[in-house]
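The structures considered in this document are given below.
Presented sequentially are two complexes of chain A, the first with chain B as partner and the second with chain C.
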Partner chain A sequence: MSISDFLRGSPDGVDVSGPKIVCSFDVGGITIHLTETIVLSWIIILAVTLLLLWLTSDLKTKDISKKQAVAEWAVKTVYGLVEDTMGKRWRWFAPYIGALFTFSILGSLISMLGLRSVTADFNVPLTWALITFVLIHGTNIKTHGFGGYLKGYVDPVPVMLPINILSEVATPVSMSLRHFGNVVSGMVITSLLYYALSVVTAKIGIAFMTIGIPAVLSLYFDLFSGFMQAFIFIMLTMVYISNADGNAET
Partner chain B sequence: METNNVDYTELSRAIVLGASAIGAGTAMIAGIGPGIGEGYAVGKACESIGRQPESSGAVTRTMFIGCAVAESTGIYGLLVALLLMFANPFINKL
Partner chain C sequence: MDFLSIDVGTILFTLINTGLIFLAFKLILFKRIDAILEQRQQEVDGTYQKADAALNAANSDKEEYAQKIAGAKEEADAIIKRAEKVAQKQGDSILEKARHEAQAVREKATLETEREKSLAKAELQGEISELAMELAEKIMEKEINKADHERLIDDFIQNIGEQS
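For the complex of A and B:
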């Protein structure tokens, strides 16, 4: 539904669909679709890069500027969170967590500009969850050795083997579906409510229902839900990886 | 005697769509469990913050993660409902 339809109140039905394909081209017989998600992801990446370049330009050790204070606070918060959750020896992991959190939260918040959330495409959270899956198993093999890693599957009794495999597979599935489901349900509920409000407006003829109420809903479904899901995703990533690491101090 | 001119293709589509709508509504019963579970978890977190206010940060963080994990069954139900409503897999099988 376009904004002008919404303000006028046009009841032409609610449209919930996947990301639109911007253009598609052939590479060696395989058709590659360039979707809205990819375009918006690159816009986010560009915006974050420019923001970080601006924040980290002209750094000083004395008499720091306001923007440097903001940059230092952000870096300190991410490092502190990683050290609290995973222990000091995982300090090097903080940049990945920070990048994931930033991308996730901006990908969800882009819906406040009237664009489609990047995280409302299942490919995006699934990719992150698969990265986490690889990291969990990599860490497990690194600390326990390959034999010890395989032995973990028949722990405590060999009968548990199918259940253990299933629970390992369930981790990325549930992580990605949780993020995707929350963002998409917010999108569907907001669009259903916009539709209902625009029908009311069309019946009455005055656009008083469409002003104000969507902002309150957007505050919960976009701002709170987007922040929460980004936070939960990074927390679960950190907890799973540090659990796979057998010799962590905490 | 009347001639039977019911369009069976339309009728079967209608039955599938109606059954899908009922299925979508039924799938959302899955929301009960996470609702009760999360409410209980949040209540317990409030209790423990009341007892030890200095540990409120850690308690809140742990509670949110627990809530998120408890919520996943509800989210699965929601996804089934959304699939049935917006990407119905059965209607193309007719």
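For the complex of A and C:
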């Protein structure tokens, strides 16, 4: 949608679709689609890497610069969050939580640049939820031993086995669908709103509705929702994993 | 792509991408900030240690000086006592010497007096005998009567009185 279309109002219809395929190539007979999601992820990774390099350049112990203060604050905050939620011995987990939080937020907020949210592709939150799933069960086995881990499924009574299995499987499904659903519903609502407003604008001929109202709604659907979902995701990840770790000190 | 689909390729790429962003966080942000925080902690510890060491050194110096001052006082007292003793001794010996000398002087003087006395005695005896001789001569020259005799003796005695 060009600027002139935008100002005139463009009632072309609502286009809510999955991520576009940028290009496809065959690797040993398997077709791999390089989608919008992947390319945008690379852009985010590049931006984050450059940002981190800039933030951590020229570090000093005294008379620190503002960017170093920001970097130190970020690191300490993540460490604090991880230690409070999971205990001190999970301190090493902090970089993953920081990375996941940043990836999730930027993946959602990239929609504010007019691009498709990375997290609006179900595969992305699903991947993160699967990582969490593997970590939960890995920690459980490490803590209780493989026998103890299997015994956990028939706890407290063997009848509970199917329910226990269901609840374990439900964890990644609910986590990924929650994240995906929130972001994608925001995207759909925003698209519908833009369409509705542009229809109104087309009828009146003046672009007063499309300026202002979407910004306010975008504040909730993109900024707040993106932040909330990222936070909820990392909190759930930490809580589930530390629950699996029975030895964790509080 | 479909709106809601599970694509193994996207999942694999997302896995790799998540790994990459994790590595960026771990190797750039956390590693560097951890290192600088550690370094700062060490510097702070070092500063505290230095301060403690300086305080300890100051305290031990203070103690040392106090001991030294106390030692100096004792030494001074000892020196004064020694000096007093020496002075006392010297004074005593001087006094003793003086007493001895005085004794010697007195003895010498007594001896001298004694000698002079005996010398004078001898001289007097000599003169008396001389006078007696003179008297005898005079008696032999003159006829001696009682009156003359008496006058002679009186003269003689008078002579002695004048001479002595």
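General remarks:
We adopt the following convention: the second predicted complex is superposed on the first by the 246 of 250 C-alpha atoms of A that agree within 3 Å, B and C clash if a C-alpha of one lies under 4 Å from a C-alpha of the other, contacts with A are read in each partner's own complex, and residues count from 1 in each chain.
FYI, a residue touches a chain if its C-beta (ideal position, glycine included) is under 8 Å from a C-beta of that chain, and two chains touch if they have at least 3 such contacts.
On a predicted model such as this, the values are computed, not experimentally measured, just so you know.
Bringing the complexes onto one copy of chain A puts chain B beside chain C with no clash.
Applying the stated contact rule after C-alpha superposition, one finds that A:Asn182 touches chain B and leaves chain C untouched. When the two complexes are overlaid on their common chain A, residue A:His33 makes contact with chain C while staying clear of chain B. Of the two partner chains, chain C is the only one that A:Leu53 touches; chain B does not reach it. Within the superposed three-chain model, A:Ser174 lies in touch with chain B and out of touch with chain C [touch as defined at top]. Contacts of A:Lys20 after superposition on the shared chain: chain C is touched, whereas chain B is not.
In the superposition on chain A, contact of A:Arg89 is made with neither chain B nor chain C. After overlaying the two complexes on the shared chain, residue contacts for A:Ala74 are found with chain C alone; chain B is out of touch.
Counted by residues of chain A touched, the larger count belongs to C, out of chain B and chain C. Superposition on the common chain A brings chain B within a closest Cα-Cα distance of 7 Å of chain C.
The interface of chain A with chain B overlaps its interface with chain C at residues 16-17, 180, 184. Taken together, the chain A residues at the contact with chain B in this complex read 16-17, 174, 177-178, 180-182, 184-185, 188, 228-229, 231-232, 235-236, 239.
Note for the complex: chain B touches chain A at residues 61, 64-65, 68-69, 71-72, 75-76, 78-79, 82, 86. By the touch criterion stated above, chain C contacts chain A in their complex at residues 1-7, 9-11, 13-15, 17-18, 20-22, 24-26, 28-30, 32-37, 39-40, 43. Contact residues of chain A toward chain C in the complex are 16-21, 32-35, 37-38, 41-42, 44-45, 48-49, 52-53, 55-56, 59-62, 68, 71-72, 74-75, 94-96, 98-100, 102-103, 121-124, 126-128, 130-131, 180, 184.
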